[in-house]
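The chains carry the letters A, B, C and D, assigned in the order they are written, with residues numbered from 1 in each.
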Amino acid sequence: MADAHAAGQTILVVGGGISGLTTAVEAAETGYNVLLVEKDPQLGGRVAQHNKYFPKLCSPVCGLEINFQRIKNNPRIRYLTLSEVEEIQGSEGNYTVRIRKNPRFVTEACTGCGDCAAVCTTEVADPFNFGLNKVKAIRNNHAMAFPSWYYMDPAYAKTDEAKQVAKICPAGAIQPDMEASVIEEQVAAVVWATGWKPYDAEKILPYGFGQYANVTTNMRFERLASVYGPTGGKIIRPSDGKEAKSVAFIQCAGSRDHNYLPFCSRVCCLASMKQATYVRDQYPDSKVTVFYIDLRAMDRYESFLQKTREDANISWIKSKPARIEEDANGNPVVIGENTLTGERYAMPFDLVVLATGMEPHSAVDAKVPSDQASHDEYGFVTGGVLAAGCAAAPTDVASSVQSATAMAMKAIHAAVKRG
Amino acid sequence: MKEYTFFPGCSSEHNASAANMENSIQSMCRILGIQLNEIDDWNCCSASIGYAGGGQLPRMAMSARNFALAQKQKGNTDLVATCAACWLSMRETNERIEEEPRIKQDINTALAEAGLSYDGHIKTRHMVEVLIEDIGWETLQSKVTKPLTGLKAAGYVGCQTNRPFGVCGDSYENPLYLDKMIEATGATAVPFPMKVACCGGALMFSETEKACVLTKQILQSAVDNGAEVIITPCPVCQLNLEVYQGMINKTLGTNFNIPILYYSQLFVLAWGGSWQDAALHQQVIPAEPLRRFA
Amino acid sequence: MEPKKIGCYICTGCGIGDALDLKALKAIASKEQKIPVVKDHALLCGAEGVAMIQKDLDEGAVNAVIIAACSHREKSAEFRFDIDLMDRVDLRDKCLWVQDVKDGDETAEEDRQMMAEDYLRLGSIKIKKMNVPDPFLHSEGSKDVLVVGGGLAGLTAARDIAKAGYQAVLVEKSDVLGGKMNAMFKVTPDNKPPYRDLADNFIGSLISEVEADNRIKIFKNATVTKTSGQPGQFDLIIKNATSTKEVRVGSIVVTTGFDLYDPTKLPSSLGYGASPDVVTSAEFEKMAKEGKIVRKSDGQPAKRVAFALCAGQRDKEHLDYCSGACCIYSMKQALYVIDQYGADASTYLVYQEIRTPGQMEDFYRKVQEEGGVFIKGDVTAVAGNPKGGVVVKVNDHLIRAHESLDVDLLVLATGMVSTVDTLDPNSPSPVGTGRDELPGSILNLQYRQGPSLPRLGTNDFPDSHFICFPYETRRTGIYVAGPARRPMGIAATMTDASGAALKAIQAVEAVALGVGVHPRSGDLSFPSYRAEGCTQCKRCTEECPFGAINEDDKGNPLFNPARCRRCSTCMGACPQKIISFANYSVDMISTMIKEIEIPEEDEEKPRILVFACTNDAVPALDMMGRLRSPISPYIRIIPLRCMGSLSLVWIADAMSKGFDGVLLMGCRHGDNYQCHNVRGSALAEIRLSKVSETLQRLKLESNRVKMVEVNIMDAETLPGVIGDFVEQISNLNPNPYKGF
Amino acid sequence: MAYDLSFAKDVYNKSEMGHWIKMCMQCGVCAGSCPLRAHWQHSPRQLFQMVRAGKRDEVLKSSDMWMCTSCYNCIVRCPRELPITHIIHGLARYAETEKAVDPMQPTRRFAVEVFWKNITATGRVGEAMLTMRLYFQDGIGAGIQRGLEMRDSALGMLKTRRLNPIPFRGKIKGYDGFTKMLAKAAELEAKLENKA
């Protein structure tokens, strides 16, 4: 180690998505102690909900698995799930943070045997699948979830059944009376990696999401296309379960729009190209239409755009649709002007996917506490504590990893300063 | 007794096209204990089509004169308009006077020619805003003595009470306030996808054929959804939908005969007012479906 | 070291105890496998169970542990003991949970028991064959970091390395630091709210910060003419006009930046050369920095300026990628014109797609506010204007008209081209080329596989694990950052450089501890070989995905353990079986294969061996267990570090042992490969093509061996894949070698 | 023809809300939102791009701006918050002041010749007169023809006391001040320039 004392320092990483995991693993493997805090029951964040990554069309779980292995094998990394940072005092090199640990109602003694879920009779809308299906009130997000021990919904924990279920756990891991606790930690640096949430499509009134069953969003579509999603990977339309063979993607649904999110969310164009391949791969006789303002396939991603352009069954219309109506058959009808031909169109589809943008958690439900950060007008963190990935700007996965690795370096600088 | 400065607008004059709105609104206010103090010697707001002949300053000067008179006569009490177009142009004028110093200055230079001045600060409100915000849904419902149970009505909001300002923060694409008013009278608001579609507005005069196609779609949708009557807050919409039904039937081969009423007429009837009070005798297409409640 | 004292601990929790015959299992361990300490516990991962094991360790009764319980992916914290040898036997996830046994179905019960017993045997053999790796340590190792290229990325990397407490060696080929930034007039507010206003060029302060830092040794006018050795001991020859220096560093960051695409190669329709008033964005930037924006032709003020975005980019004939930063760069230059000429300025930006990602959408709006006119369309022709300036013909897609732009200047936004020399991964390794200086090579790596960094697939980018691990290259301890790696703007470049700097100091720390880096970070093992057995076939030196192995003049391999990623591809490549790891060897797997019980032919219980890649296939098999998807009881799974370690000997062993079939589960290969070791699964496939000879020699059908690509999310489809193969095998006659 | 900003700069300065045209990013939402979209030869965003390209005549002579029904759909949906309805009204008015528009353009004719004259004649709309002027603007024959088409409605309006049988109406009391005010406003209008 460059500086033994510096190495004794701890780096706090807030958020266990791809950015937070990366900062944690990279800093720890350089010899520093890391405390990783995640508000959800399991790590992986937003990418864990994705079916595939562009442009390689491979599973996010593959990269997550390596990172999880590295965390398991590295005693320098401590991680807390269901936890949130409540307060940050002090300054770079010397912070005191207060962390609230919300109850999981299941301890690490859980062996993942699943006996509890088997007897649990309460089912809830599955947040991991955006409520598109029901799951047990005591569960795992998915078979590859890490940490793999189960968790219980707080509402369920209060029920009598929960107490009965607790009795049958062979490992005695279920504790319905578990309570929240608060811990305090001394850390040299704070890296905010709280990522993003999909913009609420119901706010985009002209597109009728929530009003028309067959208008969905890109993140829901990821779950729809996933073998482990609500339909087992069948791309069907919600209204009648009909195979969705004619699918429209509407770009900038919320992004680049002063009525919603004025900034560009960067990944949506590429995400829709990727999702177009889901449809085309599943149904050879399918047709996909992408409505866009500008196709933003930055730098090397351009080749992915060119690849999808080779498919004659994917058409591209430069147009921000004005609105969506529903016809008698429950087909969403997309209405607008093709700005390259001047033609005013009204096109029916089986399913319309809104490419909704990124709303930074740091703007809504994961604000940096105690004024320890400056934000831009959109809520991205621009100063104060360090910010990685989508907490700082809308970025794709590779760029998030770059940013997260860079933030590991900045955090180490803070530790060295302290040391 | 609530008091408001009142700007009726040209169509609400005696013997004018929206006399039925004016008369029913007066009855409505009587029942609710609202006193409308009409601005003395008001002039036309210049309406939405006034831009072409007037441009910005002359157009806004006209509304400004009304504000100036109102301020002089009644101080800064809220100004109530019943016509969507009046409400819109008055509100827009006031906003620009308050936000753009240059406009404020020029407008006042012009007003000075009429011995008047206006520096903003009068809130322009549409009558439906008064009903919702000042009177409240509970009262609107509690007044009902003759519920219009079973009446199927399509709430046609149209454009100008809805965009660009909107009523009470209601949604542009699917406003609910008018349906809620219909339901408040005991009637049923039928689903109505065309509730915010445009009737053609002033272009009914110059582009009649094109406008009639729009109006036809609105009427058709109401009928298809089982409406017996169409309810609207806007005199332009009312006129286009009612007066041009005949022409539409002739030129577009339909046979519509659906009464077009104002929300105020519905309220007055449901609150026990007479056929006359509700100015239902002033419908070109007789309000037959309401007979059973009269 | 002291003799192995193995303890085998069997968990009977999670239904293991109910489903399996514990006595029989314990008998396998103690009697058959002669393991001295064999114990069981109803909840081994519980405090009590763990304490039981710890006690044996503390009392010295045991120094090597077999945990026979759940998958190795579970309970790693509970089962973390301070010992060198441990292995996990998965009785639950990959046995119990994938065996569908109805009550009273004795055959099924028996099959499941046989499976469990075999897995216990495999675990026992494995731990017996494992030795404690002693890490590769080097006394004269260096923790300094070489940074090649003194531009924005290099300066940032060097500064960050120094700030982290390390020494940096910065080599710049020109006589000044700052690189392309020196020519930059103003910079865009890429990460500075409100993302609207241009800022002054800050490179000067960064340069002085670096020059003032005594932890950074700077070589100007210098190049690296040789890089030999390995991480922790890279020996460099740094040459400049007058001197030659030998320097040792621990790791390397390449930040040589980009060249701009040669405008003379652009289509004539863009008009470069047609008139002096057609300039590149770099030439324009220089002019703006010097002060007056004027026509080159006659020095008249250039108030009307057109910008052609994508001048060669997104064009298969020229640069098939987007250069990332040019839209924003050209917008910035439009602002120069507007700032200089105010109301008289007319700026036109002719674009294909406007790419202002993230918050830079605000900058787009700002330029529009200032009057910049954006035209989606193509420049179709350019001609010099007798009155000075140029006439640009534009096909305007937005108003669908061919128009002409009469401007003082046309600025071509040419794209970035990486300056890093790369190696086509598909071309045969150029033997020995690494031994001499290659003109234009950044590092002149003295690697048997060549002086350059291998490219990613067909893409001309020098990284190897795009998306999840963007800094990884196929040369351990060497990282590329900034536009040398991928086109990017100023803010992204600085971020990228910081990240690469982190990877570089991480690498020297790993080397100092003798542990591997990604993807097997922390692995202490590394390959060693029995020199006398070598036939100089060179397969290991050619196949190593990371170029870790050099050759002596006779063609014997020279291992560089610190370059090694521990994938063991070399081990699989060696026909002589002379390459091995302390805890992983051909012999280990062979013995495991031979230890599996093969039922007599008449029992009609075929046996199918599955080699599964530990990175993706094994987790997928675990997930199959969590999903409780039943599979054939006839398969036996042996995890491999990587398919690249596959030795054909194992296929032969399996066949002569009497296995009826062998199924290999590797990662996707090809351009979008998912193999963590880049070439592992691809190489395994190539080797397999030769396996039919082996099978013919044994008089066996070639379809008894099959390789499938398995992705980590394939748990849903795996039972089918396995089922089909089992079916296919059962249609063949049993392997005649059973019972030999 | 060649791109030129002089027309655009005039529009930015002189036409109501014209400076907003700079900010259009050509997404096309406005066209899709317009109830009469089928009847616009050039959609609003096309007009804006034509302004920026300097196509003075094509824009000012165009009938498109006169197709606006003032429904305000484009305003509430524009992602760049352009006050499109007002911009379109402004362009129409600008075409009128530049005398570029075809005097027979129906909406221009109604708005300028009939409506504006009508309201400025007395201070308020005289509906009866308005309707008559409108009907008879193409001469007696056409007027009667048109009148007959609407005969039933007209009678209905009369019967229900929603149409004044006497087309002439008195002026507002402050009519003199009113006209002076308008004159001054018109005079200032000529000097008015857009902010920003």
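The definition used in the following text is that contacts are C-beta pairs under 8 Å (C-beta built on N, C-alpha and C of every residue); 3 or more make two chains touch, one makes a residue touch a chain.
For clarity, every value in this text was computed on a predicted model and none was experimentally measured.
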Request  = Compute per-chain Cα centres, compare each with the mean of all protein Cα atoms, and return the closest chain.
outcome  = A
Note = When C-D and A-D are ranked by contacting C-beta pairs, first place goes to A-D
Query = If you average the Cα atoms of chain C and of chain D to get two centres, how far apart are those centres in Å?
reply = 64
Remark   = chain A to chain B, mean C-alpha position gap in Å, rounds to 47
Key: Whole-Å gap separating chain B and chain D, where each centre is the average of the chain's CA atoms   = 21
Query = Residue numbers in chain A touching 2 or more other chains?
reply = 206, 256, 318, 323, 339, 342
Remark   = Shared-interface residues of chain B (touching two or more other chains) are 172
Residues of chain C whose C-beta touches two or more other chains = 354, 376, 398
Request  = Treating touching as the only link between chains, describe the layout with one word: line, ring, star, complete or other.
outcome  = other
Remark   = Chain-chain contacts, ordered by label, are A-B, A-C, A-D, B-D, C-D
Key: Parts of chain D lying in touch with chain C, wherever the complex brings them together   = 1-5, 8-9, 22-23, 25-26, 45-46, 49-50, 52-53, 55, 80
Query = Which of the residues in chain C end up touching chain D in this complex?
reply = 343, 346, 348, 354, 364-365, 368-369, 371, 373-376, 394, 396, 398-399, 401, 403-406
Ask   = Touching chain B in the complex: which residues of chain D?
value = 16, 35-36, 39, 66-67, 69-73, 75-76, 83, 85, 89-90, 92-93, 96-97, 106-112, 114-117, 119-120, 123-125, 127, 134, 149-150, 152-153, 156-157, 159-165, 172-174, 177-178, 180-186, 188-189, 192, 195
Key: chain B to chain D touching residues, read off their complex   = 10-11, 13, 15-20, 41-44, 46-58, 60-62, 65, 100, 102, 106-107, 109-116, 159-160, 163-164, 172, 197-198, 200-203, 205-207, 210-211, 214, 243-244, 246-247, 250, 281-285
Remark   = Interface with chain A, chain B side, in the complex: residues 171-174, 193
